[in-house]
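See the structures that follow.
Okay, so subunit A shows up in both of these, paired with subunit B first and subunit C after.
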Partner chain A sequence: MRQQIPLLITFIVGTLLIVSVFIPPFGDLETTFNIWFDIIAVFAFFLGGGNLLRVHINKLRKRKRDWGFSIVTILGFSVMLIAGLFKIGNPGDIASAVDAPGSLFYDIFNSVQYPLSATMYSLLAFFVASASYRAFRAKNREATLLLIAAFIILLGRTPFGVMLTGWIPDSTSLLQIPNLAIWIMNSPNLAGQRAIMIGIGLGVISMSLRLILGIERSYLGGDK
Partner chain B sequence: MSLPLAATHPRLSVHLFFPIIVIVLTTCSSAFGQSDTQLDTTVVDDTVSIAAAPVTTLLVEDGKYDDGDSLRLFWVPSIDDQLIDSKVTGYRVYRLVNDGAAEPIVDLLPGVGNYTDKNVELDSSYVYYVATLTESGEYPSIHTESISPQREWINFRRGYLFIIMMIISAAIIFYVETAKRGKKLFVRKIAGLEAIDEAVGRATEMGRPVLFIPGISDMDDVQTLAALTILGRVSRTIADYDSKIFMPVSRSLVMTAARETIKTSYQAAGRPDAYNDDMVNYVTDEQFGYVAAVDGLMVREKPATVFLLGAFFAESLILAETGNSIGAIQIAGTARPAQLPFFIAACDFTLIGEELFAASAYLSGEPRMLGSLKGQDVGKAIAMITILLGVVAVTLSEAWGVGIMTDLHAWLVKVFSSS
Partner chain C sequence: MEHFALWLSAFLTLGILSFLYKDNPWYKLSEAIFVGISAGFWVVTLFWDNLVGKFWDGWQDEPMLFVGAALGFLMLLRLVPKIGWISRWPLAFIVGATSGLWLMNYLASNIMVQVMATIQPLFSTGYASGFDAGWGAIISSLVIVVGTFTGLVYFFFSKEHKGAFGGAARVGIFFIMITFGASFGYTVMSRMSLLIGRMDFLLGDWLGMIG
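Right, the complex of A and B next:
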């Protein structure tokens, strides 16, 4: 029974959503189900927030390793929660948006959270460099091909690449590095990406059918 | 003494006097009312310069294959709607509902010749007209016929999609049934999945935990579901080896589902006492906040094995490179093509696209599940044949102008662009 009801719900919802693609009067079902999902997710957030507080309060109480980080987490969580719930400094009334400009919530978000997120994101530039260094080492034939392709694309996207092969006549313009870079991106790269996309599409169909027909049950916590 | 000519001839006098009176009156009016006349002339000229012809051929039709919730308007833009020095500043669509008053519903840019009204109801009738907007005012078109939207029960435009879906679904179900009857099915080896036992074993030998990251999407993403199906198998192995797992998540629903999955695996392994709710923690929904927390965990806890399976976005490489820097063996998989190169560059094993969805079937080894993988191959065969046909059709059509190939190409485009 514990698995039968979720399986039945999955079957009904899955079938209805497939049918809605072909029957226009059912066309809004996807939006409706998405709204239902959002409502459930909002209630589930209480579980998440509660879990976060419990874990960090425990860590703090038992003085576990790195408990100092837990103070920052609890403080950040509490300040944002209070600022948002009570709309401190909000220029509008209680019905106004929680992130209205001028509110404490808005100021903290823009002055603390936003720059911190940007800092994390900017790490990507350095990680791209280190990952590229490893990926482009010519250890075997495939890696060498990858290195050559990457080199052409890097050069093709810079003025130096244009300058280097600008003398090649228009009749053989494909050999100009920027054009070679475009060809690599539009032909072999795009073909490969599309092949992966087709595989993903078929994989999603197969996985969805397994879920709808109840063959796949491990996401419910069991194989049988 | 001679009399004036006019006096002597009455008819001649009329003929001469009329032009004289007109000339005198015109001269007088020119002399006394010069400024007024000039002003009038200026106004008339301005009006002429910014007046515009209305739109023509205004047609309205019911939106095709919808729930009776749209009407489509088409018109030929005003002849004064030009790219350079245009008098037209735009178009305003007016609507009369149930013969009521006209109300403007939308303003459109110059050059636009169609509009779909999606704010209509089944039981109402609608009349439209389009006004051409200029700096001096509006120039309305004629009204359309009264029309009521109609509901269609089947979207025939998606007929081909339905047929393709049915063929693939039928193939999957056929192979599932075949497998159930006991027929052996060959499935190629997937290195990333073969390495799971080895990766968990390594963590056990090193006495370090396993880190499992199910992406940053919620339970409504099929990739997250695929990740959780793999989690079931991974946590079962972890329970068998008596190793440790920790799983920070960015969605509350994923947290509850993951706990349930791990708990069941521990029960199945006969070790329910070893299960702990704290194995799965909620961190934050915020993308880079989550990345910062997970990176911190990696650096502090130094897991021996990291699983990155699910839907990843810009954070994929940050997580994978941090995992690489601590020397963890990493198994990654996603169905987002843009993130795959990052995982391939930074991880030891990568499940590419469909392999992520095939993982649970592959790992379970259950015939019904493997049958569904075999059914996918029929879809691939259809894709390959169609691509081949398309390439041949376009080549023969464009290079040698073979008529039948042009038709075949057009038909293929129609089949695969139906929406």
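Right, the complex of A and C next:
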């Protein structure tokens, strides 16, 4: 019962969506299911938020290592929640958009969330640089190809690349680094991308079939 | 207030960058704020956009939206250990819907479209235009056909990569390596531009050292 009903739901929903492609009146099913999907996602995020609080409150209670930072996380979560759900400081009160300029939610996003996320991702530039060092040591033919392609793409998108090979005459303009970068993107890179995309497509189809037919059941967890 | 926001942004930006030295309390503080604020941001955004915008404002016209809301509610039952197993129903819906949608979409966009785009005339610009393609276009088309085919051969693991088949797979690896190199180059550039943006903020907006 605990396994059969979810398997039946997966089978019916999956089959209906496949069939709906072939029967035009059912075409709206995709839109309807997408909206349901979005509504369920809200509850999933509620669950995630609740879980975040549970984990950090537990850490706090047990005075685990770095428990002080858990207070900060809980405070940050609560402040954002209160500012957004009650639309504090919104120019048009509760009827206006949650991210209306001038609201507390908007200010926190701009002065805390945005700089933090941009810096977090920019930090990766340093780690990528260190990874490049390891990857760019051309140990074999494959690594050399990776190195050359990455190097040409990097140079081709910068003014330095234009300057470096700008003297090459137009009759052999393909040898100019920016043009070479475009050719790599549009030919060998495209071929590799296509092979990868077709491979992914075949993988997704086989996995989807396994799920719809109930062969793959790992998403249901155990028997409890 | 504006001044405070600027200093707060700079304080948090430097806090995250301080990780380059080593893991430290300033970084941990910034990280803890990031986790809390981000989680709150997404819960609030989805609440207003999806729950209010799609369900609450639309259920009068479309009562079937209650099914979606009911499934969402069932997901919360995970918090009640005795009947937590019911939360598998919305999960099963999500898995079924994703499988059904992706099966058809990937078949159309990742397979049919890509195969059709690869099977094109090599020596002409169209099916009815004769041998009118230039050398550059012919070589590029050949590279695409050979690269796609050998790349697919490389991904075929049901047969041992030996002999002619192995040779084709080896050519496929070369194309895939070029693809990885190109993606790598793009990733480096996007991260660098983010870093330049943050440096621009610190040195320009905050310290006013650059115009």
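Note that the second predicted complex is superposed on the first by the 187 of 224 C-alpha atoms of A that agree within 3 Å, B and C clash if a C-alpha of one lies under 4 Å from a C-alpha of the other, contacts with A are read in each partner's own complex, and residues count from 1 in each chain.
Basically, a contact is a pair of C-beta atoms (placed from the backbone, for glycine too) under 8 Å apart; a residue touches a chain by one contact, two chains touch by 3 or more.
Given the structure is predicted, the values throughout are model-derived calculations rather than measurements.
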Touched partner set for A:Q193, first subunit B, second subunit C, both or neither: both
Between subunit B and subunit C, more extensive residue contact with subunit A: C
Contacts of A:G27 with subunit B and subunit C, given as first, second, both or neither: first
Partner chain in contact with A:V98 - subunit B first, subunit C second, else both or neither: second
Which superposed partner A:A41 touches (first subunit B, second subunit C, both, neither): both
First, second, both or neither for A:Y106, with subunit B first and subunit C second: neither
Subunit B versus subunit C as contact partner of A:V128, first or second or both or neither: both
Which of subunit B and subunit C A:I215 touches, first, second, both or neither: first
Touching partner for A:I148 - first (subunit B), second (subunit C), both, neither: second
Doubly contacted subunit A residues - partners subunit C and subunit B: 18, 21, 34, 37, 40-41, 44-49, 52, 66, 69, 113, 116-117, 120-121, 123-124, 128, 132, 135, 193, 196-200, 202, 204-205, 207-209, 211, 219-221
Subunit B partner contacts - residues on subunit A that touch it in the complex: 18, 21-25, 27-28, 34, 37, 40-41, 44-49, 51-52, 55, 65-66, 69, 113, 116-117, 120-121, 123-124, 127-128, 130-132, 134-135, 193, 196-200, 202-211, 213, 215-216, 218-223
Residues of subunit B touching subunit A in the complex: 65-67, 151-155, 158, 161-162, 165, 168-169, 172-173, 176, 218-220, 222, 225-226, 228-229, 232-233, 251-253, 255-257, 260-261, 263-264, 268, 278, 281-284, 286-289, 291-292, 296, 300, 314, 317-318, 320-321, 324, 335, 337, 340, 342, 344-346, 352-358, 360-361, 364, 366, 368-369, 372-373, 375-376, 379-380, 383
Complex interface listing, subunit C residues touching subunit A: 1, 5-6, 8-9, 12-13, 16-17, 19-20, 28-48, 50-51, 54-55, 58, 64-65, 67-69, 71-73, 75-76, 78-79, 85, 88-104, 106-107, 109-111, 114-115, 117-118, 136, 140, 143-152, 154-155, 172-182, 184-189, 191-192, 194-195, 197-198, 201
Residues of subunit A that touch subunit C when the two form their complex: 2, 5-7, 9-18, 21, 30, 32-50, 52, 66, 69-70, 72-81, 83-85, 97-99, 105, 107-113, 115-126, 128-129, 132, 135, 141-143, 145-154, 157, 174, 183-202, 204-205, 207-209, 211-212, 219-221, 224
